[in-house]
Amino acid sequence: MSRKWIVSTLVALAFALATSAVFAANPIVIGVQAPITGQYANEGQGIEKGVKLIAKQINDQGGLLGRTIEVKTCDDGGQASQAAICARQLVNDGVLAVIGTYTSGAALAAEPIYARANVIQTSDGTSDQLTAGGYKTFFRNAPPNSAEAKFTAEYLVNGKKFQRIAVLSDHSSFAKGLSDAVVQAVKDDGGNLVYSGFITAGSQDYTAVLTKIKSVNPDVLYFSGYYPDGGLIRAQMEQLDMGATFVGGDANQNVAFAKIAGNAAQGAIIINVPSPDNLPYPEAKQFLADYKAAYGQEPPSIYTFTNADGFRAVIAAVKATQSTDPAKLIPWLHDLKDFQGLTGTFSWDATGERIGSPFTAFEIQADGSYKIVYPESATQ
Amino acid sequence: MDVVLQQFINGVTVGGFYALIALGYTMVYGVLKLINFAHGDLCILAAFIGLTVLTSGLGGANAGALLLAAAFIVAAVAVGIAGAVLEFTAYRPLRKAHRLSAVVSALGASMLIENGIMLIWSPQVQVFPANLLPDLTWKIGSASISFVQVMIIAGSLILMAALYFYVHHTRFGTAIRAAAIDQDAARLMGINVNRVIASVFVVGPALGAVGGLFVGLYYREAYFNMGWIYGLNAFIAAIIGGIGNIPGAMLGGLLLGLFNAFAAGYVSSSWQEAITFALLIAILLVRPTGILGERVAEKI
Amino acid sequence: MVAPRPTALGRARRALGPAFWLLGLLVPVLLGGSWISILAIFAIYAIVALSQDIVLGRAGMYDMGHAVYFGVGAYVTAILNTRLGWPIFATWPIAIVVAALVGVVLSAGIVKLRGDYLLVATIGFNIIFVLALGNNVADVTGGPDGIFGIGVPQLFGTALSSQGALFYLDWLALAAVLLLMRNLERSRIGRVFRYLKEDELAATTLGIDARYYKILAFAIGAGVAGAAGTLFAVQLASVSPGSFVFTESVTLFAIVLVGGQASIPGVLLGTALMFVVPQVFRGLAQYRYFAFGIAMIVVMVLRPQGIWPRGRAR
């Protein structure tokens, strides 16, 4: 009698264990590394929201390879120091891929840690250093600084024919890389550079350096840094009655720029791939509508879309290879050709560099919206 | 020449709010010999409170100057009360304890206020709406001075004059000065030292509140951890002028604002902060009592 | 001064420390990857906090810019390893020496200042240091994003690249620093620090060269912090100015005072509360500093001598 009890208990236990193993959650964990707090918080939150939206859409349709997608976020505050800690944490959380982050510096600090753990990393960081390290796990979903610099120089020198160009930057890897490339490209195109200098990001008061720049009479001030500073610079230029046009690099493209610059925002020019409302692709329009419906607000910038593209590419890889093994996914991603992204068609090359993205220059209108002004072919 | 004038205008504007914030530090240090690390955060709290009032929609679309005045008054009163509460809960119990305990308490209060602001308002930068103030600019040669700059400079000077009058020509002001020189003697003279200290913690933060709201209106933005950098700069201003010395804080604030503007304009804008702190260290090494001399209680 | 107690309770108490350390050795075996990282970071920050205690808790100087020395050590290792290809262990002694020298140079001018002024001067140094790093001074510090791609230490040909191996390295370093602290306490230098802290005037009348010993305190504190800096750089595989900002110095300052000045268990407890607890409660990260602020005020008001004060609480 007792032997039967023992046997049946053991069988019951085994059965319970087996079934619980089957029904136990076996989610695919996707990491999001982004500045959820700090000066770039609205970018980071946009990235997180975009990823969560897509994950939810997939989960509602039965999941990826039958498994639920679970999103784990780590706040890096846009800082390289936090980024390294985040990278360790996400790796310990067992993520398959990490989407983000917004700043190149944070992406650079996390890159080696992800590479050593074979975790896929997609980021919109545009610093050229990101693809120069030979890290096989990195994929850039926004165009690099070097491409943007060439377009910028063309716009400034040949397009608008500015005569006295002033260039301002901050010391971050991204902004300095971009401004160095722009300065070089402007010189190559034969432009007249009258000033080149730095601000310390986040210091709020730029009136002193702007007064100095005003004294050399530029007709355009190009700023390669981020939108919180760009907005203030634009506002203070107006306050100091500087007649120069403001042209901002891609990190100035964010709805907060116009808010911070206030009345001065109108007429500012920003160079980037098309902004969310100007994206002509049906997937993009659908995503924009879904985002607004889910969160009741517009995405803060195009970077919500580029990071969403990174995520979508990873999903496509998993579906195509029917596996979550990085050894299969990474080569597939390196061979990515003509992927229909929200931000246009693009491919990834052997270094993880994005190939294919159209730059435009757009002007901020009185109502805060963007109007493409260059190249003429894109204004249609 | 006009560049110099422009830098001067910019410098005096910034100096105005540094001076207002510095006054709070110097008054507290004068009576308690305590660096109130939470002071900068209290001042920035005023910017947030002011912003809330200004965006509350009270008084309709054309509330204009009245709403602005209300914002200042509400912010100053609220922060003044907060200052008194702070003194009562975090500093008074530690008056007999080791000085460092009060310093840690002050640091804790600073963290609390900063993060309280973050939790209540938002970790993101709060932008002040455009058109709160008239968009006027006047030109002096090729230098320009805007409405907000005039408002700040005038406002700071008026308040500083008012405080000077209060401290030097009223009875309570004399009580404050007495407590700053020697607390026990003041007590023996019948002065209610606790009340004096509490009032310093109301007046100082209230003045600083106006300074904080000026900061918010000038840059049109406020973020929750702005407090410590403005606080530190204001403290440097107080030291430059002579800690515990009220006219010293005013002078220190103005000088610091000018120094910042010219250093950033003529030496380098990336090193602006470093130059300011280098100046501080130089003053500490050469003349630690400041330009007008320090006035602190001798705690043996 | 704490006289060793000959009682059984005293012996048990003194065995607590080594026991806790030995227990720590089992962490990589028993717990998962997250815990290994957390405790590795704890060990590193504990070393820095103990070094802060040397200057503040034991020698009584108001140093609120201690993160500078931590940063110097980290950056020296980062620069020598990534720009010049030096192996990590070779950079370690250089990091310690350079940090100590920086400590000497910075403190030499300011040790004569009164407490509050010394405090403000150290804050000033911290801010200038971080700004210099951020401005990519001499083009070696890498700007606000810092330096990345730092290698791992090599021991007799094998790379210590796993998290477990790095943890053991940090844990052993912590043991070494704890031994150093204990020896310092019992040494002549340690006694001089105590005299200086209690009553500098009396100490000088006894013939002690206050200035020399104060600078020495800074040098030792800075050197130990620099050693931790190397470990930190390796742990994160990168360094950036954000890790050494003034608020980090404030945290270290608070750890010593809230934990208990000149109290090793107090400082370790303070470090655990400031660094480990938030890592465990990541979900509530937003409230972390708010909670710290309240905790700091409450602890100081209720127990101004710290949570675990030195020796017998008076």
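By written order: A, B and C. Residues from 1 in each chain.
Convention: a residue touches a chain if its C-beta (ideal position, glycine included) is under 8 Å from a C-beta of that chain, and two chains touch if they have at least 3 such contacts.
Every value quoted in this text rests on a predicted model; they were computed, and no experiment measured them.
Asks: Could you find the chain whose CA centre sits the greatest distance from that of chain C?
Replies: Of all the other chains, the one whose centre lies farthest from chain C is A.
Asks: Quick one: name the chains whose C-beta contact count is the highest of any pair.
Replies: B-C
Asks: Measure off the straight-line distance from the CA centroid of chain B to the CA centroid of chain C, and report it in whole Å.
Replies: The separation of the two C-alpha centroids amounts to 33 Å.
Asks: If you average the CA atoms of chain A and of chain C, how many Å lie between those two points?
Replies: Centre separation, chain A to chain C: 36 Å.
Asks: Determine the centre-to-centre distance between chain A and chain B, using the mean Cα coordinates as centres, and give it in whole Å.
Replies: Centre separation, chain A to chain B: 39 Å.
Asks: List, in ascending order, every residue of chain A touching at least 2 other chains.
Replies: If we look for residues of chain A contacting two or more partner chains, we find 37, 171, 198, 200.
Asks: Give the residues of chain B touching no fewer than two other chains, as numbers and ranges.
Replies: 118, 123, 270, 273
Asks: At least two other chains touched by the same residue of chain C: list those residues.
Replies: Residue numbers touching two or more other chains: 131, 135, 286.
Asks: Over in the complex, which chain C residues touch chain A? Could you list them?
Replies: Within the complex, chain C contacts chain A at residues 32-34, 37, 41, 131, 134-136, 142-146, 148-149, 161, 236-243, 282, 285-286.
Asks: Would you mind writing out the residues of chain A in touch with chain C in their complex?
Replies: Checking each residue of chain A against chain C gives 37, 75, 79-85, 88-89, 91-93, 103-106, 108-109, 111-113, 116, 133, 170-174, 176, 198, 200-201.
Asks: Can you list the chain A residues touching chain B in their complex?
Replies: So the residues of chain A touching chain B come out as 36-39, 41-42, 171, 197-200, 203-209, 211-212, 214-215, 228, 232, 235, 239-241, 256, 259-260, 262-263.
Asks: Would you pull the chain C residues touching chain B in the complex into a rising list?
Replies: Per the stated touch rule, the residues are 62, 109-110, 113-117, 119-121, 123-125, 127-128, 131-132, 135, 246-247, 250, 253-254, 257-258, 286-287, 289-290, 292-297, 300-301, 304.
Asks: Going by the contact rule at the top, pick out the chain B residues touching chain A in the complex.
Replies: 3, 6-7, 10, 14, 118, 123-125, 127, 129-131, 135, 137, 139, 144, 146, 219-221, 223, 226, 260-266, 269-270, 272-273
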